[in-house]
């Protein structure tokens, strides 16, 4: 646990009545896509970020504004934690502990979004969402929403620790797993996650109509950004390689 | 010894009259399979877990309940320590010292379960269990139970240190080595281990009749979990690779 | 953030009315070339350097004078930070924080120079400069100078953190990105950066006439230095390999 | 020097009148074989061990008794330090300093055993022993025993530091180098080392008659142990690979 | 700067009137060869050594005497620092700082010896020496001795930092670069370095007549030592590989 996340908030938000949605890329990038859609759809306010030297140093420019890669958003009763990069495996534990002990308090509930790799043989995958709950009350919410339970298997990364630790300390954690295509950003699968969140959280109303359209647009943007990033980075790397390979063994 | 195990117990259990069974995967996964069977068979209660940043961050979902990978169980006079993952080699020493100096006390006895690779030429291996003891009294128990002694060779990992340190400090440690098939979870070999433990511990009664059936079912479950895990992980990795290889040399 | 930069200044310069230009190699080495030209053109005084064990240990000999690789120059109202080597990715954050919290003070403005990889299909790239600003006032300067805005995408490395942190703390940061050829030192692209800086900073007057000529000469020098460095280093490495590969596993 | 050896002795032995023989594997394993023979032949008592997290965690089972890999033996006036594993290169310095500053005292003399690779072209190598001494008195003992002097070259690892440091601080250190076959445990070469030690230490009497027979038996045992270890380890590794490669990039 | 050099001197030598010659291997090993020749020629006394865990643990045996790899010699007004191994790149800074702040004092002058790779196309290279000086007075000495100035390029490693830091703090540092053949120990090039030192230091008189003969003998010895070292090491490594590859994944 050497490398910690540095949580920087522009305002102090009491969290005991807040639900936190955790949207990291995952399979098919479904976590990021769904979380970004919710933030846009509810016009949530950015209230903070997390920093770590283990995350790639970068700004994400959106409409000319440079933003950090791990951002925290908020509206009434809801907070969203988004990362544009996968959380390095060795930071999973620290990230989970940061969320579970957020500023010394505890969230009303935590909903972690994950992609579940669809069978590789299925060409057309019907998006489907499974749920796991850390506590009896979390599991009741899942059965109440008629979600299929993910009852045997492993869940790795931040979500895995959130679930197992949630079980130990009695924190309501729900992990939603949407089967997704691992080969490209799967916007339809992300849409299914958003639909499920809408059903689980009666206090928010997500306009589901333009969802698929929006999701497809987001998907396009992400692809384009990945291409641009790849270009910038590989050029820089090519240059850096030429410059630096000389001085490695001076 | 930088990376320590964090032992978390839900209740304080005096251990001077407890026997601890240590079941880590090992050859043929016999340690885990045998330990899981004993826990189920005796309906033991989960009383704690061990955490480490060097273990893969993951929850093991069993019947919809998310659990940590390294778990501690207990019933009258008996404790079982199970890990679903192999203990990383650099943590072997810390794990052994954690067990030998458990909360400042000492177990009545420690029984470590290991698989011993069967000769690769033998297609059908008759399961057979060998024993090593750290002390005269431990060795007497082995000969009293008419177990064949493993008298020359190396025992690596946590069991190796438990034995050698047990010898030095006078802690009764018994290591049971069942020859096993290294290619798949070897439930029959695990069953032989359970039978041996039943003979060594008169204070417990394990119903041996449904053992093979149960063992084979456990074997099936583990295989299935490994397949599922592989799918989830390789998908996630494929995605992560695509996302991350770009920002390594920004 | 283990490895810090050691900032060594020969004189204490209050910076609240200083603009800092940051010129690191980047795509096409445009950052270094442009910064070196400005320093020569304005006959700026070298006032300090940065040291780090993560930077290659080396002296850059210029006209017989050995200099450190990361140098700080100054004239009225303007400071320039030059590195002849790419900043290692794991030092990006430390470098950005060093700049943003310079001796406890804050610059009037920071201008970071970057190359933006030109489309690989374009054989002849017309040099073009895009801008991103961290604050409203920074963005106003860009639009006032009729610069095209880089409105979506990722900016990695020191510049990325300068922008995103500048946004958070209200420090004016401008990143100028010139599309450049990644295969060789792109002096024409660097010249375009200098021209843009001249337009953005009315307080300085850069004689643009001999610019292209000068830039091409600088370009030639850099190529020559890279060749020489490569020779020295690969020879030394060949020798070192022969001497050292023997004692790795004594 | 981060990783230290933990020296654990069951009894406090004043060492100013003790000669220490250091027998680590080395070329042809001659150091271990010779040291093991001396311990058996003189029926020396095991009085301690060294531990380090950098050594492989393992017990060496001998006649049913689990022992640590680095052991310390003693009889009147003589101590032997044996390691069954090569000392990792990064621990060489720590090991040498531990020996040279043993519990704050100093040995009467230290004799380090090494193998010297025989010319690869020589099929039949006649075992021959060379000596190096750290001090004038150590060199006198070598010439007194008519040993050929190793007068130019490098001696790496623990023995190298023992010699060079012994020279600096005036500690008598003798390094005996037997030319040996690097391809297998070279018992005959080890026997030549034992014969030389017998000549150098008039206070002990080693029965040289059964030496070759014994040495060959030891050689056989070591080979057998290596085979067994390889089997156990590769099986465990195969299993571990299957289990673990999945969770590396969760 | 985690790993420091441990400077160990057998006597305290005030250095303000001492010139230090730094001879590390470098291209063609010219630094070591030249420094060794000067030490032998002036019959200088060994007065100390430097230790570091990052240097290979080894003794260099010369005429039967085991010596450390990094040695310090002295005669009236002159000190020589020799390393038989290349200084690891990550220790360059520490080494340079150790030299520049020697026991809290400062040398009258420092002369660092380097090889400069000859053009690979030149079969017969005429040995030629270039010079760089850190200060005006150092540069005057170079021009006074009619040495050609190395006026543009990079100098890496310890010499690079000595020059750049010497410039900053006003310490006279001269780096002499002899073009040398990188493929083998280049004794003629080393002889040219010695000749240049003889011209720069009127207070010493080096008998230049037997120089080439001596240099060729030294060259032969070094080659022989390298061969022997390679044999010992590769044998040890082969053995170590066989022994250790088994226990890496126990």
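Labels A, B, C, D and E are assigned to the chains in the order they are written; within every chain, residues are numbered from 1.
Going forward, a residue touches a chain if its C-beta (ideal position, glycine included) is under 8 Å from a C-beta of that chain, and two chains touch if they have at least 3 such contacts.
Keep in mind it's a predicted model, so treat the numbers as computed, not measured.
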Between chain B and chain D, the fewest touch steps amount to 1
Given over half shared residue numbers means same and under half means different, the chain A/chain C interface is different
Cα rotation angle, chain C onto chain D, in degrees to the nearest 5, is 145
Rounded to the nearest Å, the gap between Cα centres of chain A and chain D is 55
Rounded to the nearest Å, the gap between Cα centres of chain C and chain E is 34
Residues in chain E with touches to at least two other chains are numbered 56-58, 89, 92, 156-157, 160, 229, 233-234, 236, 240, 247-250
Per the touch rule, the chain B residues reaching chain A in their complex are 8, 49, 51, 53, 56-68, 221, 224-225, 228-229, 231-236, 238-240, 242-244, 246-250
Counting only contacts in the complex, chain B reaches chain D at residues 1, 25-29, 56-58, 85-86, 89-90, 92-93, 96, 115-117, 132-134, 139, 149-161, 163-164, 166-168, 175, 182-183, 226, 229-230, 232-234, 236-237, 240-241
